[in-house]
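Pasting in a structure now, in structure tokens, and then I'll have a few things to ask.
Chains: A, B, C and D, in written order; residue numbering restarts at 1 for each.
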Amino acid sequence: MTEQFPALIVVAPLVAALLVPLTARLSLAVTYCLILVSLMVSLTGALSALRYSLVEGAWHYYFGGWPPPWGIEYVVDPLAGIITSLVGLFGILVFFYSIPFLAGKEPREKGYFYSLYLLLLAGLLGIVATGDVFNLYVFLEISSLAAYALIAFGGHQGVVAGFRYLLVGTAAGTLYLLGVGYTYAVTGSLNMADLGNLLASLQSSRPVILAVALIVTGLGIKMALFPLYGWLPDAYSLSPPGVAPLIAGVMGKVSAYALYRLLYFVFKPGGPVLQVLDVVGWLAAAGIIVGSVMAIAQKEFGRMLAYSSVSQMGYIALGIAIGNAAALTGTLLHIFSHAVAKGCLFMVAGNGSWWGRRKISEMAGMSKAMPLTSATLVVASLSMVGLPPTAGFFSKWYLLMGAVEKGSWIYAVILVISSLLTAIYFFRVLEHVYLKKDPGASLGTPAEEGRSLRGWELAPSMLVPTLLLGLGILALGLFNAPFVDGLLKFSLPWRTW
Amino acid sequence: MTRKLGYLSLVLLAALFIYVSLDLPPTGDPHSPPATHVSPRYIEKAYKETGAANMVTAVLADYRGYDTLGETVVVFTAGVATLLLLEGAFKFKKR
Amino acid sequence: MDAIAGHLNYWLIAVLFVVGVYGLAFQDNLLKKLMALNVISVSTIAFFLNLGQKVGAKAPILPGGVKGGEAAAYANPLPHTLMLTAIVVGVATTGVGLAMIYRIFKHYHTLEESEILKGMRE
Amino acid sequence: MNKSRPTTILDTCVRLIIPFYLVYAIYVLVHGHYSPGGGFQAGVVLAVSVILVQLVQDPNPRWGLGRDAAVVFACLGTFMYAGIGLLTMAWGGNMLDYGVLPLGEVEAEVRALGTLGIEIGVTMAVMGVFVVIFNLLRGEE
């Protein structure tokens, strides 16, 4: 069975998703076992594919036995390996985290919910593992459709947010498809590696430049690049707290990964493509500042985190735009550090809303009621601001090095300013959590019946994932040197080892 | 004012697409890259390799069968999404 | 003249695409926006199908298979396959969109986006 | 939706048409190898026949698919596709490599059979999903 691992990464959650609506009507225990087993298989596949790719090089898997460019292939190289491992790990943690939030729902509703959850996960994993640009579109649509529905599950406001995301997201998918169409028109191929070879001689052809612009716009919408982020604050903050960590934590990062892969492994910057990258860089810089400023203005914790995501996705896009080894390392490291930190913060926000408090001003006294959650919040905030020894510091450091190395001082200045702005809004939250007195009874008790804080502040299935992600931030920071040297170095478009 | 600027940018968008399209292979060109790079194998070998006289079926179900699996899953996703969104809504209303 | 005839389809497709973007950006009604989305996806589908054409080519169906070197006589099957997928994706998205519109209308009693946003803020 | 009894004319027409719909759907499905057609089209035709009966004979259609049955069809249809993929993996090939299935001697014929299998799955899935979506959008039951 081991030779099937690259396919199983995606197919295991996919197959489980097809059965979950049926089994949920019969037995919830069986359903949860099924979900857990499929997620474990997926994670095992991702980890072993990662190990294989580090030893033997990229693992190519041909669907239907047809060699590319005629068939579809999966390519798991070290980069795809670590990102699939990250997504798989998130899948397991957020699955546990979401269980208490669904406690009051009907079994069949749980079945539909987890079916969509697994489909979202399978879509994200498929985007990462695939080596075919059209297959990427199909899985992009699977993950997007599942995400629209999950966001719309978050109440009446959630439906509006989900519908607006559906309009924008589908338009983004269509733009991406049109970009694929232009490259297909001038090359006749859909396989990434094949396209990379064919496009080398077409760098300055107009359809290729338009294709790059269309693909950057499409994936830019999905990863909320500066002027195209309008859907994000509502979608992230109004989605049900059970899945918000997954949606906010990895969905945008997977699009960023796809953009990185397409730009650096397929279109290979040179000539006019570099000008597109320049535009991306300026937009990203604007997004960093605008996102931070908007985050300062927010009263609700979830919305503040959502705007902070706009700013943080700007870092990732900026690294892609700068495009030297240090900046790309920073981008990849930031994909990880931000995914873990933002997932962790949305779990903290979810714990807060479990307690009935969504606004920042209501979070006073959290340090007493939820000491462990508050401690995690401190760690995650430090990472977002970029203080050592957390992961955020090192990714920003690499980005700064990249900007300086390229001589773009403006980018460097923006990186520093934005850290200060981030510090402003996160320390405001910490001030409320640790220094302000709990206004107590005036706020009323937990939002819904059956939700109370017990001895261990929360149910373990909520608390443990939060703490694990908090530890992950620290671990990623402390062991960042082996992480970069052992894994990320092999993910750069040029051989640097 | 913003509306007029919007209309103008739409016209510019159309002009951009038309300008770029001049560099695309003309419609029906049998020597264009899409006609010569990957597809000849489908046309020449599909029947021998997959047993389907209809080459579109051969490509759909066999050469690129995994895409079609994804496509079926998209349809399935739409069904489950509709169930999640509407089935509960009716129930809540009755209570 | 030939250049125009060969590229006329692309121009029409460009216009169709822009019409869709217009509807998405400037219409206030959510149902109209969903329809505009369909127009955009149809323009993309037409673009791909246009790439699959060959002058004087037959439909790519032949029991017994095609001899080597005769590939130019049959239309390119790959874009048709891809667009079958894109059509199905469009249908699925429209279905989910309609379900959401149904929910929105039941709660807000309107489909004008500006009014819904006003209702959300309250 | 109109809750009155269906008119005799509509009712008779539907009764006459439905068998042809069903036969045509099967034809489109099976003949997909030799002519335009295939699983998606056949599934849509089947779904349309069910929806037509529901539209005309509302509120108590005498024939058709309930919502729960449609969900089962959707799940099992899609699972049939993925399951054939899993079977090919179990027989030692790559996913969806129908050639390894022990169904015959000539590889092309085995592949054609595998293709037919997944097309049947697609038909069931598409029919189930479209009936479900129609059913839900039509309103409360």
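Here are a few things to note about the model shown:
In this text, a contact is a pair of C-beta atoms (placed from the backbone, for glycine too) under 8 Å apart; a residue touches a chain by one contact, two chains touch by 3 or more.
These numbers were taken from a predicted model, which means no experiment stands behind them.
Common neighbours of chain A and chain D under the contact definition above: B, C.
Chain pair with the highest count of contacting C-beta pairs: B-C. For the pair chain A and chain B, the distance between mean C-alpha positions equals 25 Å. Chain A and chain C have Cα centroids lying 28 Å from one another. In terms of their C-alpha centroids, the spacing between chain B and chain D amounts to 22 Å. Chain contacts: chain C has residues 17, 21, 51, 61, 63, 78-79, 82, 84-85, 88-89, 92-93, 95-96, 99-100, 102-103 touching two or more partner chains. Residue positions 17, 24-25, 32, 34-35, 38-39, 42, 47-48, 53-54, 56, 58, 60, 62, 64-68, 70-71, 73-79, 81-83, 85-87 of chain B are each in touch with at least two other chains. Chain contacts: chain A has residues 14, 18, 21, 63-64, 134, 138, 141, 145, 148-149, 152, 159, 184-185, 190 touching two or more partner chains. In terms of inter-chain touching, the protein chains here all touch one another pairwise.
Residues 1, 4, 7, 11, 14-15, 18-19, 21-22, 61-65 of chain A touch chain D in their complex. Interface residues of chain C facing chain A in the complex, by the touch rule stated above, are 17, 21, 24, 30, 33-34, 37, 40-41, 44, 47-48, 51, 78-79, 82, 85-86, 89, 92-93, 96-97, 100-101, 103-104, 107-108, 116-117, 120. Chain D meets chain B in the complex at residues 32-38, 71, 74-75, 77-78, 81-82, 85, 95-96, 98, 106-109, 111-112, 114-115, 118-119, 121-122, 125-126, 128-129, 132-133, 136-137, 140-141.
Those residues of chain C whose C-beta lies close enough to touch chain B in the complex are 2-3, 5-11, 13-15, 17-18, 21-22, 25-26, 50-55, 57, 60-68, 70-72, 74, 76-82, 84-85, 88-89, 91-93, 95-96, 99-100, 102-103, 106. Those residues of chain D lying in contact with chain C across their complex are 34-36, 40, 129, 133, 136-137.
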